[in-house]
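Going in written order, the chains are labelled A, B, C and D, and every chain counts its residues from 1.
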């Protein structure tokens, strides 16, 4: 294992200390329980957007704390969802009275822990909602399983909903927008190499010199299938077509009923992409793949989208939701409408994403 | 070799095609000869800032083309300096009449090719100057050698001088500022792994599981020395102290005499850092090291600077001047003054660096 | 042996701390194959915290002791196993109430409360390839043993044997819950890490009862 | 053999194309040890371009042919070797002027012009561990041979032997110019890639003269 770290148990803590030292204008870090929060939190009258998840995906989520994006982020151990006390304390710290929206990637651990946090926050009288991100088309079956993972779409949802909250959207409006943006987004990832969880000390899986994993998530887990390594064009086309041709996707999610003070099941169906759709295209590095290779992917993605009647109207290219130092990339396409584009274009000032300010 | 590429001879071309497709608002790409240039070039009345070098350092330089930074960038083959025709054609394309400043990293290849380009541009009546970037303290002796390499300081100089040009600085003012900023900057790099040049197909050097290279450049070349891998804190402290304790550095550079139409030798001496210096700290990933590890480095760097009476007043943390997918990092400290800070803080809008707009 | 004492419960938890520490790499290795390589680290982190806090509650009633374990796991483990095992001990503690010792019937009640809690939280069905596949057969065997008149130790022996069998039986299953479900058919042929830690925890209880 | 013909010059360049292609990996490998692993690729890329353009100038005078080679290398090789070898052929071409064939003395003049050009551009001294360490001894031997009355072929044999020796003599040197200079003492023990390509180019000329 070759990493720039000190003692393994201190990895997450020291990275957070570095963030705090580097970005005092944007954010602060609270330790025990650990959460990153906006330097100017709580922002009066504003719905607080909180996300979180295992560490190892940097800059997500801590790097997206700041004006126009997240109010707080709760980092767990590497690839391990954070605990409810982190989320609950973060919620109390950043809630201005307008309520808290938890953006939760769909992993059993994240879901269960954020559910507990929501219950705790509700118990304190904080208006709260949990919206799931589940966009990974590599996960096929949803009826009897944990369903699709939350991957690339998370970054876009955090940006868009963060801007909406900044613009004065209510908790319900933010929730509706988050749900819609999630339903508009679809992703798929691939790996050229495994990553190494510091505590494990060796790569999570082994890939031969001429192999790649297709349909990976963001936790160094193996993917849908292993294939012979092929060209950037073929990989891009294959992944883009899986996204574009993905059919309607139906699953049941749990959302919070503030009046009843309990969870209720909600069935959601995502419509497939259609000719004429205008999309945000997000080509993401898993950490070890340099941006130059992402441009080779983007070149082909642009071509494939055009050939399928889909117009890329915005793009994001770089390492934003990573798996430690894994080499590989993911592609996310998100259908847009005026509301989504308006909030995508709105100013954002975080260590990980910044424009317009 | 595991990379997202197609045919090896097309690697640079296709990455440039991807950039052009992704960032039409910021830049355009000219092929044969290859150069990236501002979408709105030439900008009336503005000195044009041009840099260039081998590819494989992305986002540098092409990703720094845009408002407030570079007017054009000339990408060579991977790790191979570009050719004079690229530079000369780029100069003609972006020169508004106010002249062209070539920012040249100090490598024999870059120096010789940019010298030829300057001669050609001068021959066309374009006011021109070449300013060298040579900031790598890992290179000790300078008297009879090629001198120090241009590494991390390049990114900072491009930002600062780009902003000055945007603000209306003349060619001579831009040249003076570039020379000063270079003299204020010092860097050092290290590698955890080698990178693989696509055309070579295998890693440039082999490092054992418990080894690291200290004092590497940005071309996958071996470094000053090989050492047992140690902790992030020890590595950071060692490198930071080499930078902070680096003595006065004297060398002779060639600059262009526009009146004489010839080169002349200029002796430059950089003063060492002093207690009380306010610096920009730049922690850079060599490509394969994720930003999370850079924060662990920044944490210690901040501590070491404080302990040595040096105050970090700005920072930049991420992959900005890379060596393909090499794992490792570099540290750059640049002394600042009001002029430098003013232009560092000025708005910039490029694919690779953006703020204030 | 007629009752399970508070001291035995405390000793169970101490043994669990040790056994999960000893099996840390093994559990993480199982989780590498079909998960994200952290189950051993997660459980070890949580039970180290439990070990720290145990002395402060060792003289409390069984309900309080188990609830402390549940709270500690919830706020230190994270992942899927944190809330699930947290719920296990919390609900077990609620079922134990203020008792200072447990009869065989009460032991059934406590563990049934614990397992029901996990099922309510995680909603996994038998055969989904989760910890439930060790916990549910264990509960069935425990209850059957006590109903048939066995004492706690005897019934617990059956329960642990059933948990071990259930753990092994996860190998041919395709996962439908948790992280392993993303692997689809590729999850077949690997033993579930959570079922394994459940077996280890129940086995630690058995060891404690033998004393 | 009294004169070097235009056809021999063209053939020299063709042989150079082939020999640099054959030694592409070898040169890159030398450059991996003390440089950036591209010297073979650089030279091969440049001389492939030369090969493309050669037919269009094969009936021009020697000066024009060599200048075309120089321009082509300058605009296609890049790196340090691009401007240096570009200058070599450009200055060689200038020295050859409009000649269609070269006497032994004229061959000395042409190659001296070429080597002087490289030295002016790169400012490397003997012993700096660069291509100069092959080129300078070769020039000295060539000039000495012709002065001593040898014909072009004989003098060129001496020159190539000197280039080869000079190339090998770079092994123990510590580099003071180019990328290898960054390595300090670690550059010792490796043969310089540029000195190697210089030897190969001069050896190709010798082969051409033999025909």
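To be clear about the criterion, contacts are C-beta pairs under 8 Å (C-beta built on N, C-alpha and C of every residue); 3 or more make two chains touch, one makes a residue touch a chain.
Just so it is clear, the model here is predicted, and its values are computed rather than measured.
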Farthest-lying chain, centroid of Cα atoms versus that of subunit B: C
Distance from subunit B to subunit A - Cα centre to Cα centre, in angstrom: 32
Gap in Å, rounded to a whole number, between the CA centres of subunit C and subunit B: 56
Rounded Å distance between subunit C and subunit D, as computed from the means of their C-alpha atoms: 76
Sequence positions of subunit C contacting 2 or more other chains: none
Residues of subunit B engaged with two or more neighbouring chains: none
Touch-based graph of the chains, sorted into line, ring, star, complete or other: line
Each pair of chains that touches, named by its two labels: A-B, A-C, B-D
Subunit D-facing residues of subunit B, complex: 33, 54, 76-85, 107-109, 112-113, 115-116, 136, 138-141, 144-146, 149, 197, 199-200, 204-205, 217, 219-222, 224-225
Residue ranges of subunit D in contact with subunit B within the complex: 28, 32, 34-38, 41-42, 45, 74-84, 121-122, 125, 128, 175-179, 181-184, 186
Complex interface listing, subunit B residues touching subunit A: 2-7, 11, 14-19, 21-22, 55-56, 58-59, 63, 192-193, 209, 212, 229, 231-233, 235, 287-299, 302, 315, 317, 319, 322, 324-325, 327, 329, 349, 351-352, 354-357
